[in-house]
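I've put the structures underneath this note.
Paired with subunit B in one complex and with subunit C in the other, subunit A is shared by the two complexes that follow.
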Partner chain A sequence: MKKLDIVLPPESVTNEAIAQRLYQAVTSGLESGHVKRKKLVWLELNGCSGNIISLLNGFQPDFEYAITQMVDIVYSNSMMVEDGEKAINRLFELAEGDEDFILGIEGAVALKNEGMYHLVGNRNGQPVTGLQAAKMLGEKASSVIAIGACAVDGGPSAARPNLSQSVGLQTVLDNREIIKLPGCPVHPDWFLGTLAHLLLYGQPELDQQQRPKMFYSDLLHDRCPRRPYFDKGVFSETLGEPYCLFKLGCRGPVTRIDCPTRQWNGHVNWPIGASTCIGCAQSGFPDRMAPFISYNTTRE
Partner chain B sequence: MSGRKRIVINPVTRLSGFLELDVTVEDNAVADAKTKGVMFRGFEQMMVGRSPFDAIYLTQRICGICSTAHSVASSTALEDALGVEVTEQGRYIRDIIHCCEFLQNHLRHFYQYTLPDFVKMPPEYPLFTSDNNDYRIPKEINDSLADHYFESLNYSRLAHQMLAVLGGKAPHNHGVFVGGFTTPPDAEKIIHIKSILDKISNFIENKMIPDTYTVAKYYPELFHLGGGPGNLMSYGAFNNYKELGTLYTDPLVYINRKTEAFDSKYIEEKIHYSWYKGNETSRPFDEIQAPDMDKEDAYTFVKAPRYKGVPMEVGPLARLWLSGEYRNGISAMDRTIARSLEAKKIAVIMKVLIDQIIPGTHVQKRWQVPEKAQGAGLVETTRGALGHWVKIENNLISFYQIITPSAWDFSASDESSKGTAELALMHTPLKDVENPVELGRILRSFDPCMSCATHVYRPGKEVKSIKVF
Partner chain C sequence: MANHYTIDSEISAAFSEIQYLIQIIYSTGNPYARNLALNQLCNQTTHLKFLVQFLQTERNTALQQQAKPNATHPFQQTQTHTIPVQAGVEKNQIVPTQASRLPQPKNSPQQLYQSPRLLDQPAEAPYHSTEVLYQSTHIPYQSSRGLYQTPQTQFSSASNQSRQPYQIQEPSQSAQINQSAQPPFQPSRLLYPDVQRQRQIQSPTPAGNPNGQTFTREQLTQFTGMNGMPAYVAVNGVVYDVTNNAAWSLATHFGLKAGNDLTGEFASCHAGQNWILAQLKPVGRLV
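This part shows the complex of A and B:
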């Protein structure tokens, strides 16, 4: 250990002081070019682009912290200033170069007509399909994160009759390990927490469906504040009542996600605070979770 | 061919969804322009065979930045089909939830999508680097606007927080439903959103509107660019409340410099330059045309919605113009100014509506779906006029039609006219054809949402390739 690294009194050793020194070390490292923020490509494929909007809803950390302190976002269709060929070239430079980057993908991969149902850009007069971009970057990235229901297993973009033949990312990157963050959209904490884990501690622990256990372990139903009503058999007859929503079609009993304890949009509310859970973080959403609301049946 | 050049921009970034711009430039001015949607999912077909209630949740997935709009249009169409008369409390709270989305959207569209066309953002972050060499705002003012880019993030996410307080979460809320809304708010929730609204209103008045006029001051030529057809339309926004009357604008159109009442019977969709075959012209409830991607002249999957046969502009400028509150002009810069002024207007409307809430009012019932019915939901949303048309058979959805605001603003040409944004681009002089910054500035003034405009696909004959060039 070099002498300079040893911290001795009167140097402060409080957490704040250490954090401050680390922050200064990283900042000066970044400024001198000695330390580089890791690059992140945020690729929007066939979907609603709602996951990047959800990312903007992050509070701690927020988007500003994410792009100034955590990663260099080098590509984002929704957010980047550059456009046209200069934008799309960034993807090819990464695919053809040696630089390390993390790939986050939202939206499904449209397979129909060899991917022509979803173009991400145009290069040298040729269309660049989402399919092409996903494969080319997915094979190269140091880590791949599937962000949201569509990227994980097709989601709403692949809802029947699935005319665009949309599929989840794994289908086109079959040998690649992909961290999967289902949800419609992803909660900003699920993505930023996963990203932080990758940057600070390496890959987070994943379950059998490659979802980080830190977010996707508990059954919503087991943590639901309305669970006592379920146990006593007190059920809501209409939406807007404060009792268990099971008989209106709530998918909480089959959905593993931390919504009840985490809550959304600055931790103020969650779907069951308004209506039923529609199972958007569960595989097979939406088709296998439908119908979302039912009045005429006790159970499907 | 000297002096003639083709410019293809794809992706056009800083918008929701995917848009390709294809222009021909002659003597440094736009001689031809095509706007093309380049993604397809097929939401209308997806709705067929589903429970009608599921449309309220599933159509929101058309668009991540304006999902609430689809829940409002969808629930309104279902109320029409189910014969449900929504109560005033039901309307108030649904409209408040919708206001939250207007605010979120206008803030983000101005600061995150529009501003970087005019303000040089800190270049140490690759997200912000660009070859745009037409930044004119003096450094000190420029940097303060760039600071507001970051400051605004707090207010747009607070707008979504208000939405979540009433609607569970955002994007893709759970609170809008048949009858207006699902769970009645209590006093704590009401004061929660009131206190946030106060902060957002201050930001809009003290930062967003002055920032907009700063941009306008340094880029005055945009008051003369990006005009478009000059026809404006609104289905009616925050109007016709039983006790409050009209808080914004009634259903009106402005055609040939004359304002007249809107009538939905004049809405039609044309397909001559779109990849569909069938009747050249159809009404929203008609049978839907099959696709034909081999059509020689076709270049986009966005159809060509028309009102009385002509292309219309929809959105904040149309609404403010029709309500008589802003009549400076119809241009790219007027559109951007209108959006910021409308943000203030929406905050005021929202405050009025919040003051009408009677806490704890339960509006939900066990809604009955008829065996057979049809209904339409025509509403004003962030980007303008949005219509959902639904038919029900055997208690399930049998037909669904959606015409989005961006389908109006980014419509294809028809046999007699180009689409709205295409017209806005025509004849635009370009200072530097290698760096045609004017094109993006004009396009973004419409706040394009191509996730919405290109949700449509109909099954049919496949093609081997799409000719892009």
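This part shows the complex of A and C:
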């Protein structure tokens, strides 16, 4: 393990090489009993399930590795075999028993009518609300990860006019430390990396907004390949052009995230490869990041 | 001689990258981030060393060329030389020890400058030919309203001198520009003459506030940053220009719109951060 803490130049720092080193660390940790496979509960609340879809795109480690080697998924309404009351009972077992588990929540918590705007199931003929599930499990879990914009601060679910009165997870779990992973959706690496860090080394270092610094510390604008054009004042007039997208509405200058160096879809491209950044990984998305595109901004 | 400027800009990019990495090393307590930065630092210095070596080789070749007056300059000969780094590797057998093997930062200008769309432009291409892009980096471009005034350029190129210069500067500034050796060429991408003309007609600045000194709230609402109007916001009675402020894309900032008095909003989000105001360009007072 100690050997890993120092990566001296010119050792390779590609995503693949880092993944390989971490993989070796985990394997030897599992063998020596130093690392334990924990249980993971993935709860989907008010949202579009986009984060779990995005997770399927995970790559080194991939999704299969995550659920077979890293964690034991004990509850996920998209993936578990049980359904109906059986599934809900599993949730209550976790909330009432003393199993140790990590809780990942995607989606916002709908508050309207005591949570009746978002139900996760029925138990003994009574509806179980997302609000109830979030509180119940949130108090019990060893760590809570808010996955995606909705879970972090309401995101698109809480966008105007917010009919369901959706809020972020922190509002209903106000005393708990929550690891926040904003993004719409979350990049599989942001979630799997945070999870791996939790398993291997405990809680990752967080910033003031409780986001892991390892992913959310660089300003996107500082690492953007179009930055030389911004500095020279050369701006694209339409989306197809290769110059800086500032005058079209790029939110890179207010967004802290590693998209430019990490990239999406198996690390091959990212939004600014073709269009503007809409600031999905920044708090206040989407209302406070709007408008996304405009062609009549003043240029000079 | 586009290659020369490409290398120049690569060198300055490498320097800023190194400064950036040093900042990271100073500011992070995270050993992993530090190791990564260190590693990148190593890559960058190797890259820099390579570029310097390359420049030296080029100079030596140029000296040899002077000795043989009939020969053409090696970097003006063929298209293969438009990508200086690769051409250099083949031609002069300078092998970068690590740079080619290790990942380079994604924002390395090299990638942009190598894009065929830029480099394969014919020499007469209006303004984004490499020649024009790299020729005039030393002459400061004066933006009348920009926050980021640092590395902007004033474009002037032999192939473009015939063009009629457009002025975005305020009269006093343009006079100053005209004193410079070459007539300023300012491409339409930067200047938008139509927008400028439109603004002179629409803008209340020349008529109502000849020196942009005072604004009523009603006048301020017209400076929305759209359709040719600059983007102004007021904080604590001072009106600032945020038209080219990076954090004000589309003249909006976290849901706030230009053309408003944002004193309360500024105080609630940036209490004690008056350095932000110090970076903005004041244009007048709110009355």
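Here is the rule we use: the second predicted complex is superposed on the first by the 261 of 300 C-alpha atoms of A that agree within 3 Å, B and C clash if a C-alpha of one lies under 4 Å from a C-alpha of the other, contacts with A are read in each partner's own complex, and residues count from 1 in each chain.
One rule holds in what follows: a residue touches a chain if its C-beta (ideal position, glycine included) is under 8 Å from a C-beta of that chain, and two chains touch if they have at least 3 such contacts.
Just so we're clear, the structure is a prediction, and the values are computed from it rather than from any experiment.
Engineer: Which partner, subunit B or subunit C, touches the larger number of subunit A residues?
Structural biologist: Looking at subunit B versus subunit C, the one contacting more residues of subunit A is B.
Engineer: Classify the contacts of A:Phe246 with the two partner chains as first (subunit B alone), second (subunit C alone), both, or neither.
Structural biologist: Only subunit C; A:Phe246 stays clear of subunit B.
Engineer: Contact-wise, after the overlay, does A:Asn57 reach subunit B, subunit C, both or neither (first, second, both, neither)?
Structural biologist: first
Engineer: Based on the superposed arrangement, let me know which partner A:Gly233 touches: subunit B (first), subunit C (second), both, or neither?
Structural biologist: In the superposed model, A:Gly233 contacts subunit C only, not subunit B.
Engineer: Taking the superposition as given, does A:Ala290 touch the first partner, subunit B, the second, subunit C, both, or neither?
Structural biologist: Both partners, subunit B and subunit C.
Engineer: Would you mind listing the overlap between the subunit B footprint and the subunit C footprint on subunit A?
Structural biologist: Touching subunit B and subunit C on subunit A: residues 237, 290-291, 294.
Engineer: Using the touch definition from the top, list the residues of subunit A that touch subunit B in their complex.
Structural biologist: My answer: residues 39, 44, 46-54, 56-59, 62-64, 67-68, 72-74, 76-84, 86-88, 90, 110, 112-113, 116-122, 125-127, 155-157, 159-164, 166, 184-185, 237-241, 264-266, 268-276, 278, 280, 286, 290-295.
Engineer: Which part of subunit B faces subunit A closely enough to touch in the complex?
Structural biologist: 8-18, 20, 38-42, 45-46, 49-51, 53-54, 57-58, 61-65, 67, 108, 112-113, 116, 121, 125-132, 150, 153-154, 156-158, 160-161, 163-175, 177, 181-184, 192, 362-368, 440, 451, 457-459, 462-466, 468-469
Engineer: Contact residues on subunit A for subunit C in the complex?
Structural biologist: 5-14, 205, 213-214, 217, 221-235, 237, 242-243, 246-251, 253-254, 260-261, 263, 284, 287-291, 294, 296-300
Engineer: For subunit C, which residues count as touching subunit A in their complex?
Structural biologist: The contact residues of subunit C facing subunit A are 9, 13, 20, 28-33, 35-36, 38-43, 98, 101-103, 105-109, 111-112, 115, 117-118, 128, 133, 141, 143-146, 148, 150-153, 168, 189-192, 195-196, 199, 225-231, 243-244, 246-247, 249-255.
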